[in-house]
Amino acid sequence: MFLRVINPNTTAAMTAKIEESARAVAGPGTRLDAVNPSMGPASIESHYDEALSVPGILTEIARGETEGVDAYVIACFGDPGLDAARELARGPVVGIAEAAMHAAALLGRGFSVVTTLDRTRGRAHELATRYGSPCRGVHACDIPVLELDKDPDVLDRVVALGRTALHDDDSDVLVLGCAGMADLAEKVSAALGVPVVDGVAAATLFAQSLVTLGLRTSARSEYAQPPPKAYTGILRRFTV
Amino acid sequence: MFLRVINPNTTAAMTAKIEESARAVAGPGTRLDAVNPSMGPASIESHYDEALSVPGILTEIARGETEGVDAYVIACFGDPGLDAARELARGPVVGIAEAAMHAAALLGRGFSVVTTLDRTRGRAHELATRYGSPCRGVHACDIPVLELDKDPDVLDRVVALGRTALHDDDSDVLVLGCAGMADLAEKVSAALGVPVVDGVAAATLFAQSLVTLGLRTSARSEYAQPPPKAYTGILRRFTV
Amino acid sequence: MFLRVINPNTTAAMTAKIEESARAVAGPGTRLDAVNPSMGPASIESHYDEALSVPGILTEIARGETEGVDAYVIACFGDPGLDAARELARGPVVGIAEAAMHAAALLGRGFSVVTTLDRTRGRAHELATRYGSPCRGVHACDIPVLELDKDPDVLDRVVALGRTALHDDDSDVLVLGCAGMADLAEKVSAALGVPVVDGVAAATLFAQSLVTLGLRTSARSEYAQPPPKAYTGILRRFTV
Amino acid sequence: MFLRVINPNTTAAMTAKIEESARAVAGPGTRLDAVNPSMGPASIESHYDEALSVPGILTEIARGETEGVDAYVIACFGDPGLDAARELARGPVVGIAEAAMHAAALLGRGFSVVTTLDRTRGRAHELATRYGSPCRGVHACDIPVLELDKDPDVLDRVVALGRTALHDDDSDVLVLGCAGMADLAEKVSAALGVPVVDGVAAATLFAQSLVTLGLRTSARSEYAQPPPKAYTGILRRFTV
Amino acid sequence: MFLRVINPNTTAAMTAKIEESARAVAGPGTRLDAVNPSMGPASIESHYDEALSVPGILTEIARGETEGVDAYVIACFGDPGLDAARELARGPVVGIAEAAMHAAALLGRGFSVVTTLDRTRGRAHELATRYGSPCRGVHACDIPVLELDKDPDVLDRVVALGRTALHDDDSDVLVLGCAGMADLAEKVSAALGVPVVDGVAAATLFAQSLVTLGLRTSARSEYAQPPPKAYTGILRRFTV
Amino acid sequence: MFLRVINPNTTAAMTAKIEESARAVAGPGTRLDAVNPSMGPASIESHYDEALSVPGILTEIARGETEGVDAYVIACFGDPGLDAARELARGPVVGIAEAAMHAAALLGRGFSVVTTLDRTRGRAHELATRYGSPCRGVHACDIPVLELDKDPDVLDRVVALGRTALHDDDSDVLVLGCAGMADLAEKVSAALGVPVVDGVAAATLFAQSLVTLGLRTSARSEYAQPPPKAYTGILRRFTV
């Protein structure tokens, strides 16, 4: 089985960290790599960034299809390009927000999300609504994505924010709202005594599970391959 | 007041038709033009097409901001790139699906959408949920977007489909689910005796109304201008 | 085009203020007047007041139909009598709560309402649910409707309440929850830096827009003219 | 205990039938009468009718308060004036739609409503949403309210419609959607083998139960007595 | 009419208290007793307790069916075994949570629940969702069920918690979230000035009302008698 | 890692089939067995059966805790006893309905469930609501659980029913609504060309994934170990 984790931003250091998190949980029979597009934003912290990451994500999916990838993980908590990626890929595609939210739903009555910038909270709520998830609050630590690795106080701030979130939202599970937090899950859980879900690891195992189950995105109507047509100045995979 | 209607696909004939529909309702004091990106798909009939239309839409918003545009309409029924466009533009941005759905809510208890391809129905339902709209069904006439102008039976097929939709969904209003149907509203309404909403005209007047009201997208948090950062190989407006 | 704004209470000073707000935004080609019933409560601050305002509203609609009115605005934030008015009028009827809520939905992720008395908050929430609007809270300044013009601290109190509302509800847009606050929108917006929606102006433009679009309430079933029958001691328009 | 059932229309024959249905279930210690306003529509088959019935209902409530009535039933399936009546009355007020829907929820997974005219269906759905009730469909027999007593085929038509409703909606309970159908419940139930709820009887027992429980409408905020003010040309109970 | 109230735990003192509360409201023509199973937990304060109370409840229902019981009340706020009991009993079965929540919905805009242990709050929310009830919060006084009778401060603590709940949740009605609080309703209501609903009394009257109305659980499909089959080591009523 | 799949009924042949389905997907490093209680119903086809299966399930969990089981699957589509089991087990517990529904949500826009008896459909809908899942319909093939292995037409009937379900519900994914159908997934998928989810296999992999992720049910409040107390005549694990 060949899994590919796509980091939708262009920051290679973050790709490496994501790959580490995914590899730590993938089964022994699973080949796994993590990639990032060469085109797009250095980090994703707005709808604008998210929108501009999608062509790069789709390029990576298109490439993966030629390389025999069996399933993909999109490793940004906004689940950018997920619907389009599902049309493009033969195998399943799992977003880290959806994976984390579905996993959290198996572990308690309700969860809180701890994320980076305040402005990204609306998108997290929107996804929770789409996925039918018992999300009770989204809390921002106000650390930009690319500072997560540099700020020595990140763990303390996330733990403190998580504690507040559990109390204020009356939640029993935490979800980390950024792929760049993947390395914090275990430590935050130890500090707070509740399950803490990292979407990168969760999505990796859910993607692996779907492949093992022989399941892939339905091609019955909405997610069938896009109809061929002319594309100008952009990805042309389906051009007539 | 300067309004710009963006046709997210690259088909100039469709842009012209959209401009005509928008101009027919804009007030005498309103300067209005319609544009389409030079980059992107010839029509939008999948999540993939929609995703690939967004960079072009954002390019047009960025250009409009330098030209003094006061408000924008995004003239594709999937409302592609709406959130990102709102971050980018100083003035309001209105999608034709949201405009049509809000207008329809003022006219009856529930509405049905008549659209092009079956595969686009999921997105229309998703938008209705997001907008809190009383959408009771989405029905496809199975005519591709770029055939709408060529197929001599389009009106008959849309009328027949609309009649079925009103009955099956118990709706009292119809919404046309494609910018390429803008010219059909009046005729379908005459044939079926119910209000028929064309999103292009509705969005034009709602955008004009918001400008008259002095209202623009809130910049309090989520829709503030995106934080500056490096963008590789794609729009760079906010690059540091 | 002939628009009529109905102030559902009997206080002429408030009617005048409402007319001013509506006229300020109506297009040059629009004839507009504001009226109030001769029958009913001096202000609307309870379900009881609202119920007793409806016969007066319907009387004004009935009169307007004989005078060639093209569309109506009902200028009370409880949207009293809206369904009945839609059955009676040939043209569209727009409530100021629904207009404000639909407009606010175009401007941000979620809005808060600032209203007069605490007891009116339940109705505002109920309307937000009906309209599918992203209302995150309704806050009362505890100033009776007819004191809004007399209390010199109204602006300060509404600004302070609005600031609290934005923070507590995590909203990015404010909606003014009373027609008597129509003159405050611009100043509150300037003070708080977010869009502030006055329903009177919004409803005026939405009504004008619907007329321009050639759209009126569906008469397919629910909102058709009421069946004729005997009415005793009250409006008899449809009496057999 | 003194219960009063208010038939909101002016048709005395229907009041008599409603009284009979209510009396059949009221306990031996309960004094019960049924009244109708002298003002208003002969039957209620539109939002317009409903709106015009409310002043009469409130007049009856005001009169009842002077006569020592302990609780009221509003015997029209649109639950007209319910909120206003709750502000006015010291004791509880129960609508027949809410009573029927709450009762039905105790008897099965989901119910269907069988009502009179097609145009009243929207209101029934709206009430089911407000009450959080598992209503799966509303079906019209197309018999006007005042024909229910005259049409010899009423029972057969309601039974046939109920059968269709149970099947199409996959319901296990029926609710009769008009006070004028109160006498049909037992026969329809016998014919279809499912529980059939008449709101008049259900509301009578729920009102009686609330009085026995010592419960009345909360006067904490929204449903407190209306603030006194001037009322012109209409009920003046709270006039200053 | 013969009503039976089942206390699902094995504590006879609590059964006696419940019987007192039920008898105080049952009509003169109603024979009523309260029972508890000989098998099960001493009190119900977890999902585990609730699950283990169900066989005992069903045993009591089975016994009641042989004794001519017309309707049952299940007197634990988690409404344990309600669906199964409905399959088993010929007459209606009413849970105290559902009765209290439906009653509360007739008395105000929204209610808060005051309950025992924090851990039971999730179940109360789940039931409110199932019943479509306007529950705005569930608050725990942290007094174990079997301490309710022993702790001299119970009333003060419930009053204080109720006051907080009304304010924080903006509710106008309180619901007591434990059968063991049945004796507090009147005093808490007197202290707080809002309606306070005890589910035991409410369910008793609703069950009595359903019998008077001739209504019983629908046996159309889901709640029909269970299909006969082999049961090993547990209740065998339907064993082939 | 040690996983245990609990078949909640007492039919050993079905346990064997479930074990086969689970083993086929479990990873090489996973020890897995399937068990069934010695107490309870031979199959689960009613709320009554479900309720009576729970003590047996909990007995198996209690035993598993002494044997070092890391995670459990409850292999009945009603997810019986899931909340109680989560309180009892140290590791995660996954129901096959929740697993199937979460998996299906990753594969398309909406799914239909194909199940055994008509009367079980209500429970499936209730679970879909609880899990926030995009379930569009539940369809019964009217084959009792224990006939699934004996009826030679099962596959044909399930395929035919699935085809109807996909069309009528406009779904793109199927979910098998009974553990006894676990062996049909691949064949039904081949016949219909859509993903078909067997909950037994899905739950096995989700449980395995949660263990790999180091995640277990939150013990913060609701799902903590039950408070110790007296249990009479039934499981006593937590007895004081």
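Labels A, B, C, D, E and F are assigned to the chains in the order they are written; within every chain, residues are numbered from 1.
Simple rule for what comes next: a residue touches a chain if its C-beta (ideal position, glycine included) is under 8 Å from a C-beta of that chain, and two chains touch if they have at least 3 such contacts.
Note that the coordinates shown come from a computational prediction; the quantities given were computed from them, not determined experimentally.
Enquirer: If you line up contacts by residue number, which pair in C-D, B-C or E-F shares over half of them with A-F? Let me know.
Expert: B-C
Enquirer: Overlay chain B and chain E by their C-alpha atoms and let me know the rotation angle in degrees, rounded to the nearest 5.
Expert: Roughly 180 degrees of rotation.
Enquirer: List the interface residue numbers of chain C and of chain D, divide the shared ones by all numbers used, and answer same when the ratio is over half, different when under half.
Expert: Answer same: the two copies use largely identical residue numbers here.
Enquirer: Using mean C-alpha positions as chain centres, tell me how far chain A is from chain C in Å, no decimals.
Expert: 44
Enquirer: Please compute the C-alpha centroid of chain A, do the same for chain B, then give the distance between them in whole Å.
Expert: The answer is 29 Å.
Enquirer: How many Å are there between the centre of chain C and the centre of chain F, using C-alpha atoms for each centre?
Expert: That gives a centre separation of 52 Å.
Enquirer: Among all residues of chain B, which ones touch two or more of the remaining chains?
Expert: Answer for chain B, listing residues that touch two or more other chains: 109, 121-122, 221-223.
Enquirer: Can you list the residues on chain F that touch chain A in the complex?
Expert: The contact residues of chain F facing chain A are 25, 27-29, 92, 94, 98, 102-103, 105-109, 131-134, 166, 172-173, 186, 189, 193-195, 197-198, 201-202, 205-206, 208-210, 212-223.
Enquirer: Give every residue of chain B touching chain A within the complex, in rising order.
Expert: 10, 38-43, 45-52, 54-56, 58, 81, 83-84, 86-88, 117-123, 126, 129-130, 144, 221-224, 226-227, 229-235, 238
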